[in-house]
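The structure appears below as structure tokens.
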Amino acid sequence: MTRVRSFLSQPLVKWGLAGILVAFLAIVPMLAIDIPGVFPGPTYTPGTLQLLAFSMLIASLALSYHLIFGVAGLLSFGHALYFAIGAYGLGITLRHFGLELLPAIVVTFVAGLFVAAAVGALSLRVTGISFAMVTLAFAQAGSVLVRKNPGKLTGGDEGLALDTTHVPDFFIGVLQTKNLYWLCLGVLVLVFLVTSWFERSRAGHVVAATRENELRVRVIGIRPYFVKLLTFVIGGVLATLVGMAYLLLQSSATQKLVSADFTLTLLVIVVLGGVGYRWGAVIGGIVYTFLDQRLTAFASSDAVSGLPDILRVPLSQPLFILGTLFILVVLFLPGGIAGVGARLSRSRMRADEPRTVLEELT
Amino acid sequence: MSTVILLLITGLGLGALYFLVASGLSLIYGLMGVLNFAHGSFLTLGAFAGWELARRTGADNWLSFVASVLLGAVVGAVFAALTELLLIRRLYERHIEQVLVTVGLALSSVALFDGIWGTDPVYVSGPSWMGGTTDVFGASIPNNRFVLILAAVLVLLGIVLFLKYTRFGLIIRAGVENRSMVTALGIDVRRAFTVVFAIGGAAAGIGGVLAASYYGYVSSSIGGSLLIFAFIVTVIGGLGSLSGAAIAAALVAVLQQFANFYLGGTGDFVVVLLLAVVLLVRPSGLLGSKA
Amino acid sequence: GCAPTEQANPGADLAPVKVAIITSTTGPLAGYGAEYTQGFKAGLDYATDGTGKVDGRALDISYVDDAGDADKAVSAAKDAIGGGTQIIAGTASSGIALAVAEQAAQNKILYISGPAAADAITGVNEYTFRSGRQTMQDVATAGTFVGDLAGKKVLVFAQDTAFGQGNVAGVTAVLGAKGATVTGELVPEDATEFTPFAQKVSDANPDMVFVAWAGATTGAMWQALSQQGIFEKFPVVTGLGDIASFGAYGEASEKISFLNHYFGGAAGTDIEKTMITYLDKNGEKADLFTPDGFVAAQMIVHAIKEGGGDDVAKMIKSLEGWSFDSVKGKLTIRAEDHALLQPMFQAKLKASGDTYVPELIKIVDADTVAPPVTK
Amino acid sequence: MTDNQPVLAAEHLSLQIGGARILDDVSLSVSAGEMLGVIGPNGAGKTTLFNLISGVIAPTSGTIRLDGRDVTNEQIHARARAGLGRTFQTSSLFNGLSALENVRLAAQVELGGSLSILRFPHRGDRATSVALERLDEVGLAHHADTDAGVLSHGDKRKLEIAMLLATDPKVILLDEPMAGVASGDVPGLVEVIRGLHKGAGRTVLMVEHHIEVILGLVDTVAVMHHGQVLAHDTPDAVMANPAVQNAYLGDVA
Amino acid sequence: MSDPILSVRGLSARIAGQQVVEDVTFDVPATGVTALLGRNGVGKTSTIKGVLGLIERRGEVTFRAGGSAVRLDRLRTHRIVQLGIGYVPEDREVFSKLTVAENLRLAERSSDPRREFVAELFPDLVARSNQLAGTLSGGQQQMLSLGRALINTNTLLLVDEPTKGLAPIIVSEVAAALAEAAKTVPVLLVEQNLQVVRQLATDSIVIEGGRVVHTGPAAQLLDDEDMIRRFLGVHGETTGAGATA
């Protein structure tokens, strides 16, 4: 019964802490925190703000994937598609349809909603690996489409640059990076709130139950299809939202966004952070981005190039370090980073063990 | 007419390549119940090993070609066995982590190959007959396509016979479902797992050397690019079903050729469409057992 | 800082000029990145007479790896710009180049793109220049292999990517204008089996085949063309790649007519010799994209010399219309759209032991292959 | 006791898989408030019959009526909504969720709004208090916060019943509720089942091999054998039937 | 009395990091059926799995066969089983995607398996030899699971609730089969059906809360109403209800 009481009190504490954290993050652009090796410069510099903003977007995207993979247990290999719809959709509506920013956002959002609903409705007719593959198929179709560059809309392998005509000035240029930083922080907070909201709602509990045992859900009188679809669509549109922020931050979209590798990256992030943990997805996204971006700097640093071949060759490949690190986490830190945190603080969010959502695929 | 024949036979050649990758993938899926994302790396390493050997022994004689295929098989097998021993085995019955560890291995091994052999493709050549063509009803078919098809058939037969005439087939199927019960029947399931992994790796290694001869180059990414089609083939054929994979490999590749040629380069589109349709109509794939 | 004064060393007490070189040292384009960076260092040495300083003012050059990823490049660019950098150069990928060009425009800084070939980079905005050639120049060079193009059938064999489509468009614009009928045979990007397409080429019976191909599948593509007997039937023209790719042509090596941006020893200029001497010292070899780095260094030094290193508008002005001698000969930066007008080469490959070496057939002068002005 | 309109009726149900006839023209009806015991040798088709009634499997032919309404083509959840509840022969639970959450999910369906994204389950709400009550009824209150997956076998059986109670069904299918339950706990569970039948006037169908349990609880017994209903009668009559003796009881009883 | 075939000393076992068996000590005599009894969740199954090394365990487990003593706690499961220990798991654990015949074939450890013996015992299995085990009824799966253990010639049988879910007629057959087997092989039996226990068991061990609380001849335990109530929670008048089935 201890959990009965902590059920009420714990959230208050948690939300309080989260509020303080957000407030702190909000004033970061005013501060001069410098962590050499981690940040490219003090926190008020655009380079560091950019890195932070980018990592928050990836964290938001990971959160949206967490909803589908961690909560609903749906192994989607096509989540990148909705992110790409956000980035490309906004890019295309701004550049080729000449819409103002707000209407363009609405149009793109609706497009993401529509595609997620359509793809979800179809692919949720199957489960397990089949589901993974059908979602992959749709994402691949999207990828082929982007690369084929129909009507010169997407720019193919040259990418699509943001048309700044209708974008307000406070989002344009490196000097405005702090505004973009706040935008990304806002997106992260929004996605986190929506995700928590959904997870805590009754529908969220039903989704979790469906992940555990679908037949049982039917037998107690619930049709799992709609809740799963709902989760899939919410995850999808959140990704679309993040994709739009991404375009504003990066000012261009490239075909990497639609690649299967990118979805795989999301999987890596969610696992790194801890499957089933909301905070895990956030931390995973941030850690991954920092590693990914900063390891490049490390790998080409003098410290590495001076090493003997047997060390230099692997260490000069950022992906090698990242992949190895990932293997080590999987081998030695079940539950990912958040899992370690949960074990240390003994405050379990749902289960001590990482979700075994892939089990159903066997 | 000759175009149709050309498309058909070259399609089968490509299908053979898909199958060589998919066979090991399917076998390992049958074994550990998860898709092995590192399978492409087994193939790539096999290809590099084959190339290194051919380069040293003079690439254009048959002896060194056969030797490099064998070396590719051995290297693929060893890499796969080590993967099982060092990584997969530690994650006893934790399927999700097993998949993820292969994802990590795929990432890091490709980067390591980049570091060792560089990012530029290295171009390979084989015995000159392989680069020649044979006329079949007016179509000039590149000879190495026949070698590919032959190799795929041999590998298929080899694995089928192995599964049929040893207890491994049973152990694998049972082990996927309930590994600890298999050990409780007095069977050393770990050894069986390593053996099967090695066989899958060997098939991939052979595929690697032949893929190098098919593409004319080796690079760190050839495994990865074949892997996605191998996944598709494995799934369309029905997970864990070797003959399903063989049929699907041929189907996918031939369809891809025809669509690329006649339908304005929509090969990939059509394959992806096929995948979606097959799965929506028959979620367990062509020959997959119903879950 | 204070305005430059007329001294022997006017820049000595000014802060160093920050320059960021963003290009691949890892990832799929790492090879091109290495050529570019080597050339850049050689060019810098040449343009500053070995001092590394411009009019006494030091240069603070940082080399950043983009790993072939536009996100990393954009982050690096923002980091650099935020740190006060006003000059960025580099990258071999058109996608990345266009993304960085967008940053240049938003932040009003100078960007000199590297080996990326997309025509779209030329004239994309007033802040962006290029130090390499563009697709149109390749195409125009190809045209020089056929004497009179009127009434000739030219078939472009390319991948269905922006690069391939750009080539078809380029050939249509450039050679079509000279009276050739141009058709494109675009092969899907992910196709691995080229035999049927080679047969299509054979069936089309053109007067010239122009091949525009990039990436690892090149070898398989040439083999397919050889196997279907294309070389016996029609002249085949393509761009000669870097040394690492010479193995890709296989049997066809000696039968292809190559247009060429650059290979070590092609130009025979004094500057080229200086560059090769410099590279030799480091055990490096001149290659396809070495001049791109070299030219970038020359342009940067010139811009700083004339524009002071702090005033972007001035630097841009100083580059527009500038003509100068470089590795490949005389180059001109066209004022209207920042296209880099430069001579191109015709070459062939000759067997030499196990490998092939390129041989110059002829230098095509810059005007002959100048791309149409972008508006 | 069986002449009013049957609340559940199976009419000429057959199921064929491949060449095997698993159910062969089974007709069975149960009237409101009745408790029917289904017995028969292993493999007779008892579980299959339950699967057909609850909609887990579709019959090859035949009709299933709930309250006189044809539900043969309705999906599992629709039948559950219409008041049909069941347990499984091998416990089927939400293993990663706590026992309380398992039951609360079931209670929510009964109370409505279970798919709402605007309502949050919390300790004070109706569903939770109902769930806690149900857990208490089966003697699992002390395991409310234990993950269902780690409960012992017998406790899982009890949790299944608690979930069933929470959905408050009209008609209940129990598939071997006593299997694996410690002898000492059997009487308690028998009382729970008796309560859910007599106390609430529910209709119950129960498959059970504990013949004493069956005899002590049910109004009528149906005996299945080789996919057919061999006999359907009062317990006494059935026990006296020599065919039943041969097919099912052997020399034990 | 001869040496016990199996001695368990201070056995502890953990599942997912949680202690489920604590310091359990008992002997299994070299002949007859030893019943391992206790209420739900006390750790009977876990004890057996601990002996077999199927879960993480600590403590001494000694197996004496053919004059030599082997420490089972140092061996891996497949080695333990190869010593001649047959195991019938609690939840049947048949391989559902293998046919009945394949399940049996996989279980064969020796070159001369006792196929006829199993076929006689469970004729239904012969009739269904090509059916996928997953489609068998619960009881049929239980027979298959027993068949897998009995097809080998064992020196010790570990049997976990073999009559659960079986029709009375089959229960008596299984009991008879076990009685038959017990003539030559000692058996450690977990069973909730007290009548079956009464019929088969010579000795008894009672576990409660992960510890052994009673050992002694089975008859002594079963005849003592008081002990039955205390250890198994069974009241006199309901013993029948639990036991008959």
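We call the chains A, B, C, D and E, going by the order they appear; numbering starts again at 1 in every chain.
To be clear about the criterion, contacts are C-beta pairs under 8 Å (C-beta built on N, C-alpha and C of every residue); 3 or more make two chains touch, one makes a residue touch a chain.
Molecules present, by chain and UniProt name: A, B = Branched-chain amino acid ABC transporter permease; D = ABC transporter ATP-binding protein; E = ATP-binding cassette domain-containing protein.
These figures come from a predicted structure and were not determined experimentally.
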Legend entry - Required steps from subunit A to subunit B (each step between touching chains, minimum): 1
Legend entry - Farthest chain (mean CA position) relative to subunit D: C
Legend entry - Between A-D and B-E, the pair joined by more C-beta contacts: A-D
Legend entry - subunit A-subunit C separation of Cα centroids, rounded to whole Å: 36
Legend entry - Chain centre separation (subunit A, subunit E; CA means) in Å: 50
Inset, instruction - Could you put a whole-Å number on the gap between the CA centroids of subunit B and subunit D? - result: 49
Legend entry - Set of subunit C residues in contact with two or more other chains: 26, 160
Inset, instruction - Would you please write down the residue numbers of subunit B that are in contact with two or more other chains? - result: 114, 176-177, 268
Inset, instruction - Could you tell me which residues belong to subunit D and also touch two or more other chains? - result: none
Inset, instruction - Within their complex, state which residues of subunit B touch subunit A. - result: 33-35, 37, 87, 90-91, 94-97, 99-101, 103-112, 114-116, 176-177, 228, 231-232, 235, 239, 268-269, 272-273, 275-276, 279-280, 283-285, 291
Inset, instruction - Mind listing the subunit B positions that touch subunit E in their complex? - result: 167, 170-171, 173-174, 176-178, 180-189, 289
Legend entry - Footprint of subunit B on subunit E - complex, ascending: 52, 54, 76-78, 81-82, 87, 89, 93, 95-98, 102-103, 105-107, 109, 148
Legend entry - Complex contacts: residues of subunit A adjacent to subunit D: 1, 3-4, 7-8, 197-198, 200-206, 208-209, 211-213, 215-223, 226-227, 230, 350-351, 355
Inset, instruction - Give every residue of subunit E touching subunit D within the complex, in rising order. - result: 15-16, 18, 38-42, 45, 90-91, 124, 131, 135-140, 142-143, 161, 164-173, 192-194, 232-235, 238-245
